[in-house]
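Below, subunit A partners subunit B and then partners subunit C, in two separate complexes.
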Partner chain A sequence: MHHYLIKRLAFLVLTIVAASALAFVLLHAVPGGSAETIARHTLVGLEDEVSEQMITEVSDQYDLVDPLWQQYLNWVYRAVRYGDLGTSFVYHEPVTRLLTLALPPTLILAATSMLIVIVAGISLGIYSAVRENRAGDLIVRCATVFSISFPSFWIALMLMLVFSLTLNWLPVTGYGTPAHLVLPALALALHPTAVVVRIVRTSMLETLGQPYITFAVAKGLSFGQIVWNHAVKNALIPVTTVLGVYFGHLLAGAVIIENIFAWPGIGHLLVDGVFSHDIPIVTSCIVVIVTMFLVVNLSVDLLYRIIDPRISYE
Partner chain B sequence: MSEPLTTIPPVWKPKAEQTAETSSGRWRREIRRRPGFQIGLVLLGLLVAAAICAPLIAPYNPGTTNLKEKNQGPSSAHPWGTDYLGRDLFSRTLYGAQTSLLIAFMTVGIAFAVGTTVGCMAAYYGGIVDEGLSRCVDLFLAFPGIIFSLALLGLIGAGVLNMVLALALSQWATYARLMRGQVLSVKNMDYVLSARTGGLPDRLIMVRHLVPNAIMPVLILATLDIGHVILATAGLSFLGLGIPPGIPEWGAMIGAGKEFIRMAPLNVIVPGLAITGVVLLFNILGEGLREILDTREEQVIPL
Partner chain C sequence: MTLLDVQSLNVHFPTRQGAVHASRDISFRLEAGEVLGLVGETGSGKSVIGQAIIRLLPSGTRIAGRIIFSGQDLTALSESAIHALRGSSISLIPQNPSGALNPVMASGRQIAEFFESQGRSRTAARVRARELLAAVGLVPVDRIEREYPHQLSGGMRQRLATSIALGGDPGLIIADEPTKGLDYRARETTARLLREIHTTGQAALLLITHDLDLAERICDRIAVLYAGEIVEIGTAAQVFSAPRHPYTRALIRAIPKNGLAPLPGQSPSLTALPKGCAFADRCSCGTDRCGLEHPLLTQEGPDGGVRCHHPFSA
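And now, the complex of A and B:
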């Protein structure tokens, strides 16, 4: 157990370091990452000429003189030693401060969506499996096929059009009250919910075909007892691993949804950073998202081993 | 830790009793039994034909603005209405199909080629090659969804080719991972060993024996992935990334039209329905292909 945990943690840290190196080097090496572009975005207009002096100034100010690998090592050193992820080119504020402001909204949104995914996905999946090939099952299955084909940002706009602009039930954009949370969370949850429904349904059907279920039927247990006490628990075990992966999808999807609803989270920060070529912000946001994704996946893997003791530690 | 992003398609393995039947015969029979799949194929043909022939079909130039007729509802002159600059929405949606399909096919093509090559080499050579390539794949799989493409695309600037490269960079690893698992499952089969004993060079063993026997699940993944890439493209261009102004693209149309959603919802509804329809088509085709190849045998999960 301990060996396994240490191995996984070491691998987690290694992956985060490698991913941050990849993001850092690629984003600094592309044309948009040069001191000239940054000067254009921060000092003068996009169309104006940039003087040699400005480029030197910008390079000095933002530590862009050294070779890339050295810039990266400096960045990691300061991040680990002082918790300093650099200074935003645009806001002139520490990136760490901006991230701490943006993290809670994203976590609230992602957690709410995840809750919808788990509750709706599992209950609809079980319902669909229990009513296999009856009307309810067919409706759920059709709905899932459509749901995975809708662009989530379009659904977000449609929800906004119906519930905010036409019916005036919910606020259009913004952050702060639970009412603001409803539409973004729903739009974000739609896609993963559909996938989870399908996985739960398949897993349930497989479990219901097992010999021990036939035995439970033969013993004379009621249908409800069989489903709730015998089938559901076993059917949900494989679903847990998928939930971790879809948490990652939620984080990636949140980038677009946050921009539609003016939700002040990491996705909003990232896209603003991308448009203003604010490279410290972009790199740090990506590293934070990758870290969240990997940590959640590791937790899910560990949880998987706790709820299913049959799985041994390598 | 990082699972493949799409459900892994089951592997089709020829059964003993199927040896009498050629594989193309089996294909034809399976397809004939599925009218839904046939309709899907026909629709795909129509879609591709419509996209290619867009200049012949479209009643208007997709870029011609006419501010006098802006934000109109459906009429006989403009069957799907006009957008916020008075451009014909039907023509723009039709040309948008060109952009979306071109980007999706190119992205999936590149990701498929790179991924299968890397996966095949990793599995065949094993050892240090496998270790190096697999860690590289793991690294790319650590970036969820499209965030890496998004950051990269924002910095390298707009352009159809930039879009394709940025998307392919975030997709290839899934293919490599699936292909590696597939090749691992066939590389110790007797026919491969006998080819190797016979002195066939590595390159030919891979091309003649490993790739043809391992590729099917990866092809299914590619079909399902086309829908996924269309959604990703639309999402990025919705944010204003990747598509140069002037090229009609569904996501960009929604992004620009959302400012007018209250008074002219068609600006948003029409391109959205187009995306949904096309993605639905590719999802149904991918599912159909999976069912055709699935003989409910063991699933090989690449780890």
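And now, the complex of A and C:
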């Protein structure tokens, strides 16, 4: 077990290093270098010409003259040694401060969506399997096809149109109250919920055909005992992996939804950073997102041990 | 007293290739405390009879005939009425215990949940479960009750499944191929266990098996099945010492200790049964009549009979 954990943690660190290096290098390769961006944001207007002198000045001030690999190593060194992820070129604030502001909204949104995915996805999936080919099952299956077929940004806009603009029940955009959370969480959760419903349904139907279910019937157990104690636990084992991947996606992939609803999370910060060539912000956001994704997946793998006694990491 | 009286049971499965006649005109009686063996090769329809009695056949299966158990016709009972009998009046020792045990439920729980379904408290159910584990020789109970099926050997799993079948103190136990897939030692323990059930309890045992050696050791009476029909029925002593049907004789000769003489050919397809005797193609003593006229099961004595135009003399 310890051996396994050490191996997984080492892999986690390696992945984070690789992802951050890749982000760092690619962003520097984008035309219209960092010094130019900083000069536009600090010395002149966004549309103005930037002189050679300004570039030299800014490059000196922000350590942009060193070769790229050295800049990266410096960044890593400061991050590890002082927990300093650099200073935003645009906001002139430490990136760590911006991240601590953006992280809670992202976590709240992802956790809420995840709760919807787990509760609705699993219960509808079980319902659909138990009522196989009857009216309830058909309705659920139609709804899932509908939810999977439409992209989440379109669904977000439709929710906004109906619930905010037409019915005036919920705020259009912004952050702060539980009411602000409803639409982004729904828009984000709908697609994964539909996928989870279908996976749970398939898994449940497969499990219900297993010989241990037939034996449970022969034992004279009640329908509830058979479904809950025998079918659901076995059927949810493969679903756990999918849920883990989706939680990672919800944490990392809320970029579009956060931007549509002006939700001040990591996704929003990341897109802002990309548009304004704010390299420290983008690199740090990518590191945070990659880390969250990897930690969630590792947790799921460890969770397996609890759910499925046949798995051992010795 | 007659516990089980099966009268002209016909089971067929409608399929796209036509109806599969799994059991045809099956009639036999089982007295309380008696052991009846249903023997035959794979595909002879013996397991279907057991499943028809405890009503575990898939929906869509056509069943005709009567199965009288303790005075009531099981084929006419409602789902809830048959449900009430399962586990407590009629129980099943499953084929393939590895598949019949829930892989993610501890051994003790798999027994205890039956008692909980009967309305006992969790503690009382656990006490009974521990008694049963000890009764079938699964010791030390403290360790076994916490272990999962994958931690037990094949023979131990069969004992666990058997203990579940014994839990409700049923009047009829259907053992469906209890030694299939077990190694020699596990097979021996299972045989001993079945004999113990027979000598210590009052339960009647319907032993469905292709293992003639096992049948000879524990059965009072034997019914030999071929292509979904009973071709010979009689006391174990009579059937084994003086078989009357050519198929029975061939089966007995195929047992290792009797020389392992193979029976050439294959049993007919259950979707396209011949007009005459189903065994005619493989029979060494067949005549023209056998291919044209379907033989009937003769009545010889209170519980004997043979389905052959040219039986060997008793």
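Following the convention adopted for this analysis, the second predicted complex is superposed on the first by the 295 of 314 C-alpha atoms of A that agree within 3 Å, B and C clash if a C-alpha of one lies under 4 Å from a C-alpha of the other, contacts with A are read in each partner's own complex, and residues count from 1 in each chain.
Just so we're on the same page, a residue touches a chain if its C-beta (ideal position, glycine included) is under 8 Å from a C-beta of that chain, and two chains touch if they have at least 3 such contacts.
Quantities reported herein were computed from a predicted structural model and do not represent experimental measurements.
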Fit-or-clash call for subunit B and subunit C when the two complexes are aligned on subunit A:
fit
Partner chain in contact with A:Ile116 - subunit B first, subunit C second, else both or neither:
neither
Does the superposition put A:Ala143 against subunit B (first), subunit C (second), both, or neither?
neither
By the touch definition at the top of the document, which applies to A:Ala252: first (subunit B), second (subunit C), both, or neither?
first
Check the residue A:Leu107 against both partner chains and state whether it touches subunit B (first), subunit C (second), both, or neither.
neither
Touching A:Met158, do we find subunit B (first), subunit C (second), both, or neither?
first
Applying the document's definition of touching, compare subunit B and subunit C: which contacts more of subunit A?
B
Applying the document's definition of touch, where does A:Val295 land relative to subunit B and subunit C: first, second, both, or neither?
neither
In the superposed arrangement, does A:Val90 touch subunit B (first), subunit C (second), both or neither?
neither
After the superposition on A, what does A:Leu221 contact: first (subunit B), second (subunit C), both or neither?
second
Quick note, subunit A centre (C-alpha) to subunit B and to subunit C: the enclosed angle in degrees to the nearest 10 is 80
Can you give the closest approach of subunit B to subunit C, taken over C-alpha atoms and in whole Å, for the superposition?
15
Check: subunit A residues flagged as touching subunit B and also subunit C none
The subunit B residues in contact with subunit A across the complex are 1-3, 5, 7, 138-139, 142-148, 150-157, 227, 231, 234-235, 238-241, 251, 254, 258, 261-262, 265, 268-269, 272, 275-276, 279-280, 283-284
Which of the residues in subunit C come into contact with subunit A in the complex?
54, 56, 83-88, 91-92, 94-96, 99-106, 113-114, 116-117, 148, 150, 161, 164, 167-168
Please output the residues of subunit A touching subunit C within their complex, sorted ascending.
210-212, 214-222, 225, 229-230, 233-234, 237, 307-310
If we count contacts the way the header does, which residues on subunit A are in touch with subunit B in the complex?
8, 11-12, 15-16, 18-19, 22-23, 26-27, 30-33, 145-146, 148-154, 157-158, 160-161, 165, 199, 241-242, 244-245, 248-249, 251-253, 255-256, 259-260, 270-271, 274-275, 277, 279, 282, 285-286, 289-290, 293-294, 297-298, 301
